[in-house]
Amino acid sequence: MLLLQTILSGVLIGLVYALVAVGLTLIFGVMDIVNFAHGEFLMLGMYSSFWGFALWKLDPLFTLPFTALLLFGVGAALYRVVIRRITDAPMLSQIFTTFGLMILFRGLAQYFWSPDFRSIDQSVLTGKVAFAGLQFGLPQVVAAGGAVATTGAVWWFLRFTRLGAALEATAADKEAAALMGIDAQKMFALAWGLGAACAGVAGALLSTTFPIFPEVGANFILFAFVLVALGGFGSVAGAFWAGILIGVVEVVGGYLWDPAYKLVLVLSLYLLVVWLRPQGLMGKA
Amino acid sequence: MSPPLLAVERLTKRFGGLAANEDVSFNVAAGEIIGLIGPNGAGKTTVFNSLAGFFPPTSGQIRLDGQPVAGLPPERMAALGVARTFQIVRIFKSMTVLENVMVGAMLHHPAVRVATERALSALDFTGLTRRAHDPAGRLTVAEQKRLEVTRALACEPRLLLLDETMAGLTQTEVQEAVELVRRIQARGIACVVVEHVMEGIMPIADRMVVLERGHVIADGPPRAIAEDPAVIAAYLGEEYRAPGP
Amino acid sequence: MSRAVLGRTIALAALGLAALFPLVVTSATWQNTAILMLMVAQMGVAWNILGGYAGQVSLGHAAFFGTGAYVSTLLALRFGLTPWAGMFAGAGVAAALSLVIGWPCFRLKGHYFAMATIAVGEIVQAVVNGWDLLGGAVGLSLPLHPTGFWPMVFNRSKLPYHYIALGLLLFTLLVNWLVTRSHVGYYLRAIKDEPDAARSLGVSLTRYKLYAIALSSGLAAMGGTLYAQKELLIDPGSTLSTGLSIKMSLVAIMGGVGTLTGPVIGAVLLTAIEEASRMGFGGTGRGTDMVVYGLLIVLIAVYQPSGVLGWIKQRFPASAPAAPPAPASPVEGAAP
Amino acid sequence: MPVTFRASLLAAILGAALPAAAADDVVIGVMYPLTGSAASTGLELKNAAQLAADLINGTDKSLALPLVGGGGLPGLKGAKLRLIFVDHQGSPQVGATEAERLITQEKVAAIQGAYFSSVTQTASQTAERYGVPFLNADSSSVGLTQRGFKWFFRTTPHDELFVQNAFDFLRDLEKKKGIKVHRVAILAENTEFGTGAARLQEKYAKENGYEVVAKILYPPKGTQLTSEVQKLKAARPDVVFQSSYLADAILSMRTYKDLGFLPTALLANDAGFNDSEFLKTMGKDGNDVISREVWALDLAAQKPVIGKANDIYKARHGVNFNGNSARAFTGIFALADAINRAGSTKPEAIRAALKATNMGADQLIMPWGGIQFDENGQNKKGAGIIVQVQDGKYVTVWPMGPGAKDVVWPLPAWEGR
């Protein structure tokens, strides 16, 4: 029973990891850029929820669409102002740029909002979900549900809308997409907007359970990287399944083995998988 | 009788369920020029990649001087005397022309000074000397293709695999390329030439091997091949390039 | 004056400046900043062999830096071995470790490789963090005494550390230079440009990438020993962190990837920015130093993606070919 | 790059290079983590230290602490204290670098810092090399005062004493309430802070005859603590000893509640559980947590100066003192006291004065016997207390004497709070 409970807890947190990673993999898939500042989108999503709550007593769930829009704007604007200029730069310069952005965002958050830890203490989401002898916190269940819904929406968007198809086409082959009359610049901005919005939504969903502070992105970014590489760079479905896998391995592994080494366990699993299958679980070879 | 330089024996290569090559067999004697032709998708490049060690064959054997070499990696094949060029040129863009060729020469002469000398003489042989110190990326397409040949020659191969070195060249450039292949042969180096440009390959090939859908459908002197009904049928299926006079 | 001559003149001038600096500038703070620059430069030059020349972007190099620090410190604490020997022992252990790590990781390319090295670095950090022999999370401390040449601990004077750091940097540059002048250097660049073409010319990718990672990590480890001797405290958080790994690559990028002196220039610049922003704004407690530091990095990356040397090359294009004219050689084939 | 920006950067560089201070000021370097994940704490420490200096430099004598309102240090003809704050970013190397800059560029008379034990270690090494007094008010790693340093002084008690306190508290409680604790579990962050405390807790638990049923170290900067809490739950401990910083303190409490884990008592090792934000976030769920401390507001009942000092701090910064900020505040007073008696800013004189320090309990806002350093520089008269959250406030429950509240034991169920 305890094991089942543990496995399901792993799935719940894994789904949130997946949502963060979906945004990252989307950006990567379209632009071949690894965004080191992705955790900071999550941080901004959290602060957006926090200020909505602190200033107007609005519940993070209520402000979630606004947070998503806001982060979409941040992502798209970031593309327009900064990323656009490094599209064709070598991989290292791109890492360098997004790493700088990461530091900059953290600094700005501290500058404007102080380094204090914030939290949202009265959400509509309190209480527990209990069934068949299992129990989970309602916020975690809602966060996981929201993550599934958002990931599903992104997947649906890519599969079944014209705009999504255009985005996928750009990801597959930029030149070919350009010949088909797709404006790559727009697609890139869209990818950054969507990617940031995904992380922002994840931040909003986490904001009722997780403390909010300028460096909070650091806690999630490593797992997001692992998920993206494990699932296959650019694969939304891959990131989703990798999220569940990693969530379960982390929680169950920590429970059955030593929590001090749960990170080692997760990372070793990742290395083993990419060693056997270098393109990741669902990546294109 | 001593074994041929290269013997390809029932070479089969499958990707997933699809067979790119099936039971491909042919020989190459020392110093011979073999034309490897066939319609698009016939599996020419797959044969090349297997010969050069880039794809381990699914079954069958490749022998060099009678020794089995199938499944050896490219770097071992190169050391054994098999060098190649690429259909889409892969020159080292961050290097100069000379440095590109030096990388090839270092296979047998790791010392930089010796490699430089060898590379310069190879450049001289292919007529690129005056470009030696230019960044490789600044060469024209024809020159880049020639650079790839030079680089492969610098490895001092016994067998040179040339993958569409004449595609996209002007008439004059094709003639220069033909001339170059002849001179390479004159140095005793056998060549397997994959080519679409028939006027480039027909006059120089000692023998032609024709592939269709992964199978060898003809193997013989160019004259005979040009009149082979099976070959004509295979080529009529697609856009047909008239063979040379 | 041709660019090659100009470059050599500048390099000599920089060397002279580095050698004379602590004799002229007596402020300990400036001396210390200079040492930091030399140490960071050394890391960047070491990283550059693998990440710059061979094009294998490692973001886990702190694992090797830390290995050097831990091995020499452990040998000093346990067996009283002088860090001068420990430095080479650490380099050996790190090189061996890098082969074990490199062999599987080199199956991966591009971003996949970079991500895998982050994972490796994090694993090493987590393992050391729980390893009692290595002091766990607390780390290992070296005693302040005795001081002197053999224990490589110096009290107030910064000069010994400065010259050790300078010597180590020059040694690392020398190794780097020798590599670029040998067939290994050519092979590494070939692997970076076109791995398949390199293979077709007889270059074993795994073998030469392993050469590169062993050299690169061994040299990084030597820097780790110097860090341990200078700060006298090593812990997983400061010697094995991914942040440190990224810093090594940052200096190389900032100066110019795959160039001999690029990382040195990058290190001087990055350290200057880092120290100045912290000294200038760090005391406010508002994160201003991070804003300044982050902003400068972004600006440099966006406006000068090929690094300082790239900028110089654009600004002052070579007027004449840099290489000497080719010697005539006997012709083997017929003339065209 | 905008010109103004370049100019300000240049000014910053030059500013750092210029010799410091009007000759009259007594300059003290203060180093805390002002960026990074501990920046929030660092800022509190900075504020408290600055307040102490301002009180000494000011002329308002209403707070009954020595030197307050004297308009500076009388022993140096009214020289003012000037604090220079630096950010060590939580990095031992930066700590050493900044200590050196403070000593050689800013010519500080003494240094106070650095919160993180690791940074305190390297920074104090630098001070030792240069022969400048280093006062540490808030790092509790035992080893710091075992290095035989001549220039290192620590006012706060260290971990060993704190852990001892916790077990003395348990003993006293068992006696008083006629209960018996059998099974203890240890949960700690896998860092220098957490592992050090966990090791001591394990040692003392065994010595006191308790069964350690689980010792769980979790990686810092995690995203969840589910596996840890499941493990705890499976071990069925009576008492959980926990060492966590704020984020993990909040996360663990929420996970306890969600997974229905309820030990008899939770004995926290300060840090996150005593952070001003902790109770704000946890609300009623934070009630009845027990934690070791060095300071509590209810001590003001016996020692009015505590309440008075807290009023001033709160008026300025909107929050109460806590154990950390109170210690930083006290550190500056200890330094000021020594420098004043030394009558000089010469390092050797200050060191001699520090060695001779003998501040009484009434001269501090801490519940200590006073400040007097032993030969290793450790304050002999420091003491810890145990607090419990009762009705949303930290109240002193140990030492069990007059003024101490009764302990709520066991933890009440999560539901129906």
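All chains are identified by letter, namely A, B, C and D, in their written order; residue positions are counted from 1 within each chain.
Criterion: a residue touches a chain if its C-beta (ideal position, glycine included) is under 8 Å from a C-beta of that chain, and two chains touch if they have at least 3 such contacts.
This one's a predicted model, so the numbers in the text were calculated from it and none came from an experiment.
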Centre-most chain [mean C-alpha coordinates]: C
Distance from the mean Cα position of subunit C to that of subunit A, given in whole angstrom: 32
Subunit C and subunit D, separation of their C-alpha mean positions in angstrom: 38
Centre-to-centre distance between subunit B and subunit A (centres being mean Cα positions), rounded to whole Å: 48
Inter-chain centre distance, subunit B versus subunit D - centres from mean C-alpha coordinates, in Å: 75
Subunit B: positions in contact with at least two other chains: none
Where subunit C touches two or more other chains at once, by residue number: 126, 129-130, 285, 287, 289-290, 292
Of all residues in subunit D, the ones touching two or more other chains: 34-35, 39, 42-43, 190, 217, 219
Chains grouped in pairs wherever the two touch, ordered by label: A-C, A-D, B-C, C-D
Subunit D - residues contacting subunit C, complex: 1, 8-9, 11-13, 15-17, 32, 34-35, 39, 42-43, 46, 84-87, 89-94, 96-98, 100-101, 103-105, 118, 121-122, 125, 128-130, 141, 143, 147, 190-192, 194-196, 217, 219
Subunit D-touching residues of subunit C, taken from the complex the two chains share: 27-30, 32-33, 36, 126, 129-130, 136-139, 141, 144, 155-156, 227, 231-233, 235, 237-238, 275-285, 287, 289-290, 292, 299
Subunit A - residues contacting subunit C, complex: 28, 32, 34, 82, 85-86, 89-93, 95-97, 99-111, 114-115, 214, 222, 225-226, 228-229, 233, 260-261, 263-264, 267-268, 270-271, 274-275, 278-280
In the complex with subunit A, residue positions of subunit D that touch it: 34-37, 39-40, 42-43, 190, 216-219, 221-224, 226-228, 230-231, 233-234, 246-247, 250-251, 254-255, 257-260, 275, 277, 280-283
In the complex with subunit B, residue positions of subunit C that touch it: 181-183, 186-187, 189-190, 192-194, 196-205, 258, 321, 323, 326-327, 329-334, 336
